[in-house]
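I have a structure here, written as C-alpha cells, and I will follow up with some questions on it.
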Amino acid sequence: MALHFSPAVPELGEGPRAAQRTRSARLSGGLTAALGAVGLALGLSVIFGAPRHLQIAWLLPLVGTRFELDPVSGVFIAVTGAVSISVGIYSVGYAQRERWARVPMAVLPLFVAAMLLVPAAGSVTTFLLVWELMAAASLILVLSEHRREAVRSAGIFYAIMTQLGFAMILLALVVLSAASNSDAFTAIAAHAGNLSPGTRATVFLLTVLGFGSKAGLLPLHAWLPRAHPEAPSPVSSLMSAAMVNMGIYGIIRIDLQILGPGPRWWGLALMILGGVSAVFGVLQASVATDLKRLLAYSTTENMGLITLALGAAALLSSSGAPKVAAIALTAALLHVLAHAAFKTLAFLAAGSVLTATGLRDLDKLGGLARRMPVTTVMFGIGALGASGLPLGAGFVSEWLLLQSLIHSPHDGNTLLALAMPLSVGAVALTTGLGIAAMVKAFGVGFLARPRSGAAENAREAPLSMRAGMVVAATACAVFAIWPALLGPALRHVLAALSTVGGHAAGPQLGTYLRLPGVAGSLAPALLAASLLASVLVALGLSRWGARHRPAPVLAPLWASGSDALSPRMQYTATSFAEPLQRVFDNVLRPDTDVEVTHFAESQYLVEKVTYRTRQADPVEQRLYPPVVRAVTAMAQAVRRAHNGSIHLYLTYGAIGLLIVLLVAQ
Amino acid sequence: MSALAVVAAALQVVCVLAGAPLVVGGMRQVRARLEGRAGGGVGQPWRDLRKQLRKQQITPRGTTVVFAVAPAIAAGSTLLIAAIMPIFALGSPLDSTADLFGVVGLLFLGTVALTLAGLDTGTAFGGMGSSREITIAALVEPTILLAVFALSIPGQSANLAAIVSATLHNPGQVLSLGSVLAFVALVIVIIAETGRLPVDNPSTHLELTMIHEAMVLEYAGPKLALVEWASAMRLTVLLTLLANLFLPWGIAGADPSPLAVLLGLVAITVKVAMLAGALAAGEVFIAKLRYFRVPELLAGSFLLALLAVTASYFLATPTH
Amino acid sequence: MSILLLVPILAPLTATALAALLGWRRLTASVTVFAALAVLVAGAMLALRVESGAHFGVGHLLRADSLSVTMLLVIGTVGTLATWASVGYIDDELHSGHTDRKSAHLYGVLLPLFLAAMALAVLANNIGVMWVAIEATTVATAFLVGHHRTRAALEATWKYVVICSVGIALAFLGTVLLYFASLHAGASSAHALDIDTLLNNAPQLDPDVTRLAAGLLLLGYGAKAGLVPFHTWLADAHSQAPAPVSALMSGVLLSVAFASLLRVKSVVDLTLGAGFLRTGLLVVGLLTLLIAASLLVVQTDFKRMLAYSSMENMGLVAIAAAAGTELAIAALLLHVLAHGIGKSLAFLASGQLQAAHNSTAISAVTGVLTRSRLIGVAFVVGLAVLIGLPPFAMFASELSISRALAGANLEWILGAALVLMTVAFSALVRNGSRMLLGQPAPDSPTIPLPGTVAAALITGIVLSVALGLSAGPLTQLFQSAATQLGASQ
Amino acid sequence: MMTQATYAGVLDLTVGAFLLAAVLIVWRRELSSIVHLLAWQGAALAAIPLAEGIYRGDAGPIVVGVVVLVLRAGALPVLLLQAVGTADTERRESTPLVNTTSSLLITAGLTILAYAVTRPIIALNPAPATRAVPAAFAVILIAVFVMVSRRRALSQAVGFLMLDNSITATAFLITGGVPLIVELGASLDVLFAVFVLGVLTSRMRRTFGGTDLDQLRELRD
C-alpha cells in the first residue's frame, strides 16, 4: 500500500499567516497540555482524597448533569490528563509543521476536555452526553485532513461504527436505569442486585459490545485501524492512548462495578473476547506495513490483553480466589497506564516521521536513525514498551497478568483448568508476535538504509515535538523501572473495586513486586541495573585482547556479490512479515495474486512476474458485508415500493384505511 | 543471604562464561566422532574466540549503534540469567529480581537485539535472517510460557529457586505426566531457541537454510566473537536450566557450604555434559526441517505444554 | 388576554393583506418577518401566563395552554427564520430569473397565510376548527410548493394536495364521529367539539365509535405529519418547495399536525385507555422510521434526504407519543422545537446550494465547507442537530425519549428504533460528508449568500447551540404541557 | 308536514340516490358525464338536511341544505367542468387501472364492508337517519377506490369531491351536521382545494400536454 502525502503547498503571504498559526498552535497546544495537567492533578487528588460530586441541573435540557469522582474515575482521568500533557506539548510543533487549520486546533482541547469528563460522569445521561461529545470531537479531529479521500472514508466509517456502539450503550444503560428506576450510578448500583438475570445479561452483552467497540475489541473493531492511522498523529495518540481506555473504563464501571459481581460466564466471556482480540490484533499488526496501522492494531492487541485481565479478575473473583483476582485487576490497571504511555510515545514518534517524510509506509522508510536520532530513540522506547520485554513499559503488567493466570486455584475446576492455560497461550502468542511486529516497525522503519527519497531527506522534529515525546518517554521509563511509584495510587483504586477482588490485598508494588498469597517476585529496577552491569561486563569481555588489534576500520557491506548495495536489496516490512503471513495464512487470508507475463516468442520464457498482496481485515470482510447487504436490500425493497405512482401511494392509504376500519371494531 | 551465596552466584557467571565454549566444543566433538571425523577438540571454540578477539575491529558502513551493542546485549542478558538462576546453589541474591517469566523475557531481549542488528545492516541476508529468527521466536513463546506454567504448578511459584526446591522436596513429581510432557516441550523449545537441528543448522552457511547465521553475517572479529560466545552461553544456560528444573539433585541449598557449592559444580557439569552429549548425538540422526515445517514442530510442542498444564491442574493436590 | 390570543393569527393575516395589496417588496417581506416575530413574542408572553392553566378567548373558540404555547414558539421561531431568509431568497430568485414577479407576489401572500393557518390550528379550542385550519395549511401551501413552475414542482404539488386532502378528509370523518359520540355523551351541539368539553366528557364517550374515530384521526393527522401510510407526499413536496417553505413545512407543519394528534390522543386515551392509540402510534411510528431510514440509504438528492430525515424524526415523535409518559411528552416537544430549528438551518443552506448549482443532486455538490464557510457550517450544524449529536438539543430529547421508552417497558421498540436511527445516521453522515468535505470540484459555482439568509443561518446556529446546552424556562413549559396532556407518570 | 315514515322513506331515497350516483361514477368513463353525476350526487346530499329541516320544521338545516345545494350541485361541478379538456383523449377515462366489471364488483364488496364497519355507529343511536349511514360510508370507500383506480387528473378531483360529499353526508346522517363554523370552514377549504386542483389540472395540461397521472412519475427515489 503506497501512502504518499505531498507536503502542504507553500502559501502566498506566508509571513503573517505563519505568525498567526504559531500563536494559535501555542494556544491550542498549551491549552491541551494545561487541561491535561488539571486532569492529572484532579485525578490524583481524587485517588488519594475524598470522592467529589457536582450536579448541574440546568445543563442539558430535561435531564441535567451529574458528576461524581471516585478513585476509579480518578485513575482514568489522570491517565487521560497525562497523555494530554505530552500530546499538547507535541502538537505545538506539529500543528505548525502540518499547517493545521483553526478547526482542529480549536477542537483538540475540547476533545481532551470531553475525555476527561467521561470518567467523571455520575449518571447514565451525563455519561452518554460526554461519551457522545468525545466521539463527536474525535470525529472532527479525524476529519481534519478531509481533503484526502482516505480520511473521509475512514471518518465516515468511524462515525457510523461509533454511533452503532453508542446505540448499544444507550440501549443498555437506559434499560438499566429504567429497571432500577434511577439515573445516578450510585443509585443504580444499589438496585442492581434486584434486576432480573435476563436484564443483567442483556445489559452486560450490549455494553461489552459497545464499550468493546470503543476499545477496539472484536468484532466491532474495524473503525480503529482505519481512523487511528488517518487522524493527525497527536490525535491518533489521544485516541489510541486515551480514548480507547474509555471503553475499558465503561466495562469496569458498568459491567464489573455496577452490575457485578456477575455469573462466572461473564468473566469467561471477557477473557475470550480479550484473548481473541489480542491475538487477532497482534497478528494484523505483525503483517501490517503501514506504521500507524500497525500501531492501531497494536492498540486492539493491548486492549485485548487488558480485557483478558479484567475477565480473569472477574472469573477468579467468582471462583473464590480474590487475592489472585486482585493481581489480575492490578495487571489490567497497570497495563492501561503503561499502554497509554508507550502508545502515546509510539504514535507521536510516528507522527514525527510522517511530518518529516510524508510517509507511513514502512516499505518506503528506513535509515531514520541517523537522520532523526531523537525520534528514533523515542520510537525505540515506545516499541520496547509495546513488545512487553523486560525494561519495556509493558513488561510489569504482562508479568502480573501471567502470574494471576498461573496462580488460579487448582480445585479440579474444569472451567479454570481450560481457561487459564489457553489464556497463557494467548498472552504468550500475543507477546511473541508483538515482539515481531515491533522489531519490524523499529528495525525496518528506523534502521538500515532509506528506501525512498523522502526518507533520505528526513530531518529531525522541532523542539516542542521532541519535548512532548520526552514526557511520554519518561512515563515509559517509570513504568518499566520503578512501577513502585504507582503502588499507593493503585491500592486506592483497587479498594474501590470490591466486586472483582479489589478488597483483597493486592500485589505490593515496591522495589520488589510481591504477590500476596503466592511466592513470586520481580524487581524491575534491580533487573535493569544488573542488566546494565552485565552488558558492561560483556562489552568489557569484547575488549579482551584489544591491545593486539589493528585500528578499527569502516568497511562496505557485502552486496551479495554485486557491485554496490542498493536500498532495494533490503528486506522490506512486507518481506519481513512474509513468513508470519504464511504461517497464519488461514487466519489472515491475504489477497495474493501472481501475474506471470510470458515473452511473445515462447511461453517458457518469463518476461515479468508481478506479485501483489494486500492484507485486509478478515473479520471485517466476513462480518460487515452481510450487514451492509441486508440494509441495502431492505432499502431497495422500500425504494421499489415508492415508485412515484400516485395510484400506488393512494392504495397504501386505502389499505391503511381498511386496516383501521377493521381493527377499530 | 550469605556471603558465600553471593560468591556462588558470581562463580556461576564465571563458570558459564568459561564453560560455554567448552559445551559447544564438546557437542561438536561428539558429533564429529559419531560421524567418523576426528574433530577439532573440545577447546576449539575457545581457540576460535581468542583468534577473533585479536582481529581488527571492522564496522560495516551505514550501521548504527544498534549493530554495535547488540552482541553485548545478547551476551549481557545471558550472563544476567546465569546470575539469577540456580546453577550450583539455590540462594542467588538476584533470585527474587526475576522469575522464570523474567528469564524468558531476558532471553528474548537478547534475540531482539540481534534481530535488530541484522536489520540494521540493510543487507538482504541480515533482513532474511532477522525475519526468520523473529518468526521462530514468536512461535516459541507460547510453548515456553506454558511450560513455565506447568513447572510453576507444583511449587506454586514461577521463581526458579522455588521450583527447584519444590522438586527437591517432592522428587516423585519429576516422573508425573505433566512434568514429562513439559520436559519434552521444553527440549523442543530449547532446540528452536538455540538454533540447533532440526530447526536451524548452526554449521551451515547456505543462504537458503541459514537463520541465525544469516542474521549475524556482517559481524567480524571481536564482535563476532561476542556473538558466538553469547550463543554458546545461551545454549549452556538453557541446558543448565533444563537440568536443574527436572533433575535438581546435587544442587547446593540457599545457604551453602563451600563443599556443597563444589558438589553443585560437579553435579551440574555432569548433568549438562550428559544433556549436551545427548543433544549432539541426536543431531547426528536428523536433518534440518524445511523452514515452513518448523511451525508444525512448534505447534506440537505447544500442544504438549498445554497438556502438561492441564494434566498438572487435574492431578495436582488442591491447595485452596 | 383575548388580544394576545388573536395576535398570532391576525398579525400574519395583516401581512397577507398587505402583500396582496402591494405585491412582493422589501416592505411587505419585512412585515411578514415581523408578523412571524409577533407570533413568537405572543407565544412567549402567553407562556408566562399558561402556567396556572388554560386560557380561552373569542367565545371559547381559541385556547392557550402549554401545548399551544409551545407550538406557537415553534411556529414563531422557525417562522421568523424562514420568513427572514425568504426576503433574500426571493429577491435573489427574482434577480437570477428563477421566478417572476407574479409568483413572488403569490409567495408573499401565501407565506403569512400559511403561518396564520398553523397558528389557528394550534390555538383552536374546537377540534373541528383545528381540522379546518390544518386543511387550510394544505390549501395555503399548495402554490408555495408549486412556486417553481417546473414539471417536478407541478407533480409534487398534485401529489401533495391529493394525498394530503384524502388523508385529512379521513381526519374529518373521525372528527364527525367524535362529535357524534360527544353529542351522545350529553354535550350541547355548540360545544361538543370543544377540547375542554371532550376532556370532561371523555369517560362517557361511546368506546366503539371513539375507537373508529381515533383510528381515522390517527390516519388523517398522521398524513399531514408525514406518517405511514399517507407519508408518500412528503419527500416530493418538501424537496420541490422553495427552501424557506420547505423549512416551515418540515420544521413546523409536521409537528403542528402532530400536536393536533396529541390533542385528540389526550381525549381518546381517557375513553379507551392508553393501549389503543399506543399500539397504533407504535406501528405507524416504526414503519415510518423504517421507510425513512431505508430511503435515506438510497438517497441521491439532498433536499429529499432532508425530507426523509423529517419523516424519520416524526416516526420517532410518534413512538415517543406512544410511550406517553411525562418525560416522553416533554422530550417530544423539545424534539419538535430543536428539529424545527435544525431542519430550517439545513433547508435554508440547501436552498442556497440549489440556487448555486441549479440542482439538488448530492453528486453535483462538492467541498461546500471549503467554498462557503457559513453555508457549510450551517449545514453541518443542521445535520448534527438532526442526527442527535451533542451539544445540540435533539441529543437530550432523543436521550429522554429513550429513557421514557425503557421506562414504559418498550425496550424492544427502543432497540428497533435505535437500529433504524443508526441506519439513518449512517446515510446522513455519508451523504452529508460527500457534499461538505473534500476538495471542491474545479468548476464549482460560487454559492450565493444573501444577507438575510446569512442572518437567519447565524441566528439558527446560535439558537441550536443555546437550546442544546439548556432549555432554561422552556423545561417548565414542556413539563406542564406533558402533565396537561394527561401523561401518565 | 312529514310523518316519520315519510321522512324515513325520503331519507332512504336520497341516500339511495347518493349511493347510486357513486356507483354510476364508477361505471361511466366520459369525464363530463362523471361531473354531471357528481352534481346529482351533490343534490342528493343537499336533500338530506332539507328533508330533515322540513321534517323537524327547523329553518337551520334548510339553510344548510340550500348552501350545500348551491355549492355541491352548482359551483363545484361547474368549476370542474371548466377543467375538462377539449382534446378527444382528454375527455374520456379511456384506460382506468381496473376494468369496469372488476370495478363494479369491488364497489359491491366495499358496500358490504361499509355495512360491517358502521355497526358501532348504528348501535349507539339506532335512529332512521343513522341507519342510512352505511350507504354514506360505502361512498367514502368507493370514492377512495375511484381515486386509486382513475388515471385522469379530473377523475381524481371528482373522487376527492365524492369523498368529501360522503363525509358530509355521514355528518348529516349521524349528527344533523357539524357546528356551523366548522361546516363553513370545511366548505371553504373544499372550495379552495377544488379550485387548486382545477388550476393544477390546467397547468398540467399546459406543461405535460395531457392530464394522465401516470406521467407524474418523475419524483421518486
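Order of writing sets the chain letters: A, B, C and D. Residues in each chain are counted from 1.
Please note the rule applied: a contact is a pair of C-beta atoms (placed from the backbone, for glycine too) under 8 Å apart; a residue touches a chain by one contact, two chains touch by 3 or more.
Owing to the predicted nature of the structure, the values given are computational and were not obtained by experimental measurement.
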| item | value |
| --- | --- |
| Identity of the most central chain, Cα criterion | A |
| Pair exhibiting more inter-chain C-beta contacts, C-D or A-D | C-D |
| Intercentroid distance (Cα basis), chain D paired with chain C, Å | 31 |
| Where chain A and chain D are represented by their mean Cα positions, the distance between them in whole Å | 69 |
| Distance between the centres, which are taken as Cα means, of chain B and chain A, whole angstrom | 34 |
| Centre-to-centre distance between chain C and chain A (centres being mean Cα positions), rounded to whole Å | 44 |
| Per-residue overlap in chain C, given as positions that touch at least 2 other chains | 158-159, 162, 166, 208, 211-212, 295, 298 |
| Overlap residues in chain D, where contacts from two or more other chains coincide | 117, 120, 144, 147, 156, 213, 216, 218-219, 221 |
| Which pairs of chains touch, using the document's own definition | A-B, A-C, A-D, C-D |
| Chain D-touching residues of chain A, taken from the complex the two chains share | 639, 642-647, 650-651, 653-654, 657-658, 661-662, 665 |
| Residues of chain D that touch chain C when the two form their complex | 117, 120-121, 123-125, 140, 144, 147, 153, 156, 160, 163-164, 167, 170-171, 174-176, 178-179, 181-182, 185-186, 188-189, 192-193, 196-197, 200, 203-204, 207-208, 213, 216, 218-219, 221 |
| Interfacial residue positions of chain D with respect to chain A in the complex | 97, 113, 116-117, 119-120, 141, 144-145, 147-149, 151, 156, 213-214, 216-221 |
| Of all residues in chain C, those that touch chain A in their complex | 158-159, 162-163, 166-167, 170, 208, 211-212, 214-216, 218-219, 223, 228-230, 232-233, 290-291, 293-295, 297-298, 327, 330-331, 334, 369-370, 384, 387, 389-391, 393, 395-397, 399-400, 402-403, 405-407, 411, 414-415, 418-419, 421-423, 425-426, 429-430, 433, 437-439, 467-472, 474-475, 478 |
| Residues of chain B defined as touching chain A within the complex | 13, 17, 50, 53-64, 66, 69, 71-73, 75-77, 79-80, 83, 94, 96-99, 101-102, 105-106, 108-109, 112, 115-116, 118-128, 130-132, 134-135, 137-146, 148-149, 152-153, 155-159, 162, 217-218, 221-223, 225-226, 229-230, 291-292, 295, 302, 306, 309-310, 312-314, 316-320 |
